[in-house]
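Note that chain A is present in both complexes that follow, paired respectively with chain B and with chain C.
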Partner chain A sequence: MSSLDPRINRLDLVKTLEAEDIAQHQHWETYEVFVQAKRGGHHTHVGSLHAADHDMALIFAKEQFARRGQCHNLWVVKTSDVYALDTEDADMFADNNEKKYRNPGGFKVSDKITAYKKAQKQDKTETDD
Partner chain B sequence: MYGGGYIYDPESKNQATIVEDPEMLAAFEAKIDRGEKIEPTDWMPYEYRRQLIRMIEQHAHSEIIGALPEGTWITRAPGFKRKMALIAKVQDEIGHGQLLYAAAETLGKSREQMLNDLMSGKSKYSNVFNYPAKTWADVTVIGFLIDAGAIINQLANSKGSYAPYCRALKRICAEESFHLKQGYEGFVYLATGTPTQRTMLQDAVNRWWPPIMHFFGPADKVSVHTEKLMRWQVKMDTNDNMRNEFLEQYVPKIWELGITIPDPKLRKNLETGRWEYTEPDWDEFFRVINGNGPCNKERLDVRRWVEESGRWVRQALYKPNEMYKMPLA
Partner chain C sequence: MNTDAIKELLYKMGDDAFILGHRNSEWTGIAPTLEEDISFSSVAQDQIGHALAVYTILHETLGEPTPDFIGFTRNESDFRCSHLVELPNGEYDFSLIRHFLFDHAEMLRYRALTQSTYTPLAQLAGKIIGELKYHILHANTWVRQLGNATEEAKARLQSSLNELMPYALGMFEPGPNEQALIEDGVFIGEEALKAQWLQSIEAVIRQTQLKLPDITTLTPVYGGRYGYHTEYLQPLLYEMTEVFRIDESAEW
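On to the complex of A and B.
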C-alpha cells in the first residue's frame, strides 16, 4: 500500500488484524464534566468523557472542554457516582408555580396600604369638619 | 466536519416487527410536536433510538476519519501559522468525534462497540473522506467547502429532537465556524495568488466537486420512513434542500474569485429559486461507500493501527472492577 502521507508509509500497517475487537469497557469509565467559566460563577455541566481515573479525566476535560473560551475551573465526577431523578418524573415539579406562598409575588400588601391610607385621610377630613 | 445526508436504515429482515404502545407513542410524538427535547431516560420508540444511534455514530466516525486526510498535511503545511491552525482544527475534529460518541452512548451503544463496527466496516462514515488530499489546495478546499457543507447539515440537526445530540452540535457548530474561516482564508489566498497557486486550487476544486455534490447524500425517497424521520425530528431537512442551500451560499463565493466549477449545467433557476446541476454519479457514490474508494482501506488501516498501538496503554490502566455507566447527558 502506498499512501500520499510519508508517515503512513513508514508504519507497519500489516500487523493490525486483531484491532476490531475492543472488549467492552476497555475505554474505561465515563466522567461528567463541569466547567466554571469565571471565578464567582456556577460550575455548569458541559458533557462527559472516558478516562481511567480522575486525574486523567481532568486532563481530558481541559483538552475537550476548555480549549478556547472562558474556563476558570473544572470538576469531574464519575457518572456512576451521580444519582439522578428520572426525567419521566418531571411532573412532580409541575405545580411549583402554583405555590405562591413560596414566592415574593405571593405576598401582596399595596392594596391594604392604599386602603389604609385612604381610610386615614377620610378620618382626618371628618375630624377637621 | 461531517458528512452527509441521512437515509433511513431499513430493518434487518430477521427482526420481528416491533409494535409500540400506542399511548406512549402518542405522548412521545406530542412532546416533539410541542417542541420539547427528548432526554436519554425518556421513553422513546425502538425505531427512534435505532435510527439516532446509527446517525450520530456515523457522524462521530466521520469526525475521526475526517481528521486523517487533513492530518497528513500537518507536517507539510505552508508556514507556521497554518501549521498551528491545522493542528488546532484536527484536534477539534477528534474532539467532535468524542462529543458525538458520548451522545450516541446515551442511547445505549457503547463506544467500544461503535469503534468495532467502524473497523469491521459495518458502520459507515462520510464518503468524502475516502478521497485523498493530494495537494495543499485540497486541504483548503476541504476546510472551506466540506466544512461549509457540514455546517449546513449540523445547524439543521442541532434543532432536532434528541437533547444530547443537540447539545453536542451546539458546541461543534461554534468550532466549525473557525474551521470555515480558516479554510476560506486559505482558499482566497490561493485564488488571489500566483498563476501556479490558482491552477493548483482549480485542480483541487475539480477533483473535489463530485464528492462535494455527493456529500449531502442522494435525494430522499418519498416514503413513510422518511416522513417518520422528519416527524420525529431525527432528520430536519431533505438531502436535496440541504444541497441547494449549500450551492446557494457557496457557489457565488467560488465564482467571484474566478474559480470555475466542473459542471456545465450548474446555474440558479431564477424562476424556481433553486439550483440546477448535473445529477451526481450515485453509482460511484455507492461503490465508494461500500469500500471501493481510493482511500477506504488506508483510512481503516490507520484507524486499526492506532487502536492496536494504543491498546497496551488502555489495558494497563484498565480496572476490571470499575462500575460502568452510560454517560448521563
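On to the complex of A and C.
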C-alpha cells in the first residue's frame, strides 16, 4: 500500500501478490473487559476489544474503557474463555410462584425475628425508665 | 536560581512534547486498528497537555508569553525541540519506535524532576508521572509483541531502531546552561539522564529479538537545543498555526 508520506518504502520488503495463509489465531482475538471502579468493588463487564494478547488487551482497555470515569483496576478475559448457557434454556430461570419461600424475602421466620426485636426494644425502654 | 537556565530547560521540554504530540496526532483516524488508534491518540493528547503545563509554568512564574503565544507565534529558530520529534511519520513501526525511545526518556526526565529544587517543575512532575507510566507500558507492550513476532515485524522494528537511534541520542544534547541546572539542583543533567535511559531501553530490547545499535559507533544528531532544525519543522509549524494565524481568539 502506498503512503502520502515521502519517507515511506524505506524497507525493500519482498512483496508477493498471493495472499498469505492465515494460521489460526493469527487474527487478533476479542477480549472482554471488566472495570473495577473502586478498590474492593466488583469488576463490572463494560465491553470487548481486539488485541494480540493479554498485555495488549490491558493497555487498550485502559484507554477505551477507563479513560473517562472512575477506575481502580481492570480485568481482561479472552472471549473464548467465557462459558455461557444456551439462551434457549432461559426458562430454567423462570420464577416459580410456589417457590417464594426460597427467596430471601420469603422466610416466614423474618416476621418472628421482627416481633422479637420489637419486644426486646420495649423491654429495654421499660428498664431504662 | 538561574532563571535563564530554567527557561532553557522548560522550553526544550515543552517543545519536544508539543511537536511530538502533533506528529503522533497525525495518526488519529488512520492508526492500524481502532483500539490502537484510540490509545495512540490519547498518548498524543497527553503530550500536548504536558506542553501546555510546561508553557504555563513559563508564563505564570517566569514572565514568558501565554501558552498559546509560546506555541503558535514563535519562529522556527526559537524552538528548542530535538530533531527526533520533528521527523515526519513513516510507517507505524517508525512512530512506535520513536514513541518508545522518547517516552522512556520522558518518564526518567520527569521522575528525576520530582526531586527538582525548582518547585513548580517538581510539582508538575509528581502530577504527570502516572500518565508517563502508561506511555512506556504502551510502548513496551508493542515493542515486545512485534520484536518477537514475524520476520517482517522484526525487520521493520530493527530498521526503525537503527534509523532513529542517532536522533534519539540528540535528545540529550546539553544546552548552554547545562552546568547551572545541575549545580542548582534543578535537574540531574542530560548525561546522567542518557545513562538511565540506555539502561531502561536495553532492559526492554533484551526481551525481544531486536538488537540495540552500538551507540559508541553513532554520532548523535545535535542542533535542536540551539535552534537549528530539520527541514520538516517549518512545514509542521505552518500547518499547526494555521487556525491561530487566521483568528487568535478562535476556540475549537
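Observations, loosely collected:
Note that the second predicted complex is superposed on the first by the 76 of 129 C-alpha atoms of A that agree within 3 Å, B and C clash if a C-alpha of one lies under 4 Å from a C-alpha of the other, contacts with A are read in each partner's own complex, and residues count from 1 in each chain.
We adopt the following convention: contacts are C-beta pairs under 8 Å (C-beta built on N, C-alpha and C of every residue); 3 or more make two chains touch, one makes a residue touch a chain.
Keep in mind the model is a prediction, meaning the values are calculated, not measured.
The partner of chain A that touches more of its residues, comparing chain B with chain C, is B. Applying the stated contact rule after C-alpha superposition, one finds that A:86 touches chain B and leaves chain C untouched. Residue contacts after overlaying the shared chain place A:67 against chain B and chain C alike. In the overlay built on the shared chain, the residue A:29 is in contact with chain B alone; chain C does not reach it. In the superposition on chain A, contact of A:38 is made with neither chain B nor chain C.
Of the two partner chains placed by superposition, only chain B is touched by A:48; chain C is not. By the touch criterion defined above, A:59 lies against chain C but remains apart from chain B after alignment on the C-alpha atoms of chain A.
Common to the chain B and chain C contact sets on chain A are residues 3, 5, 7-8, 11, 13, 28, 49-50, 52-53, 56, 63-64, 67. Residues 3, 5-8, 10-11, 13, 28, 49-53, 55-56, 59-60, 62-64, 67 of chain A are the ones touching chain C in the complex.
Interface of chain A with chain B (complex): residues 1, 3-5, 7-8, 11, 13, 15-16, 18-30, 32, 45-50, 52-53, 56, 63-64, 67-68, 78-80, 82, 84, 86-88.
Residues of chain C touching chain A in their complex: 33-36, 38-39, 42, 87-91, 94, 134, 137-138, 141-142, 144-145, 152, 155-156, 159, 163. Only residues 39-43, 72, 75, 88, 91-92, 95, 98-99, 102, 105, 110-113, 115-116, 119-120, 132-134, 167-168, 171, 175, 297-298, 301-305, 307-308, 311, 314-315, 317-319, 322-329 of chain B touch chain A when the two sit together in their complex.
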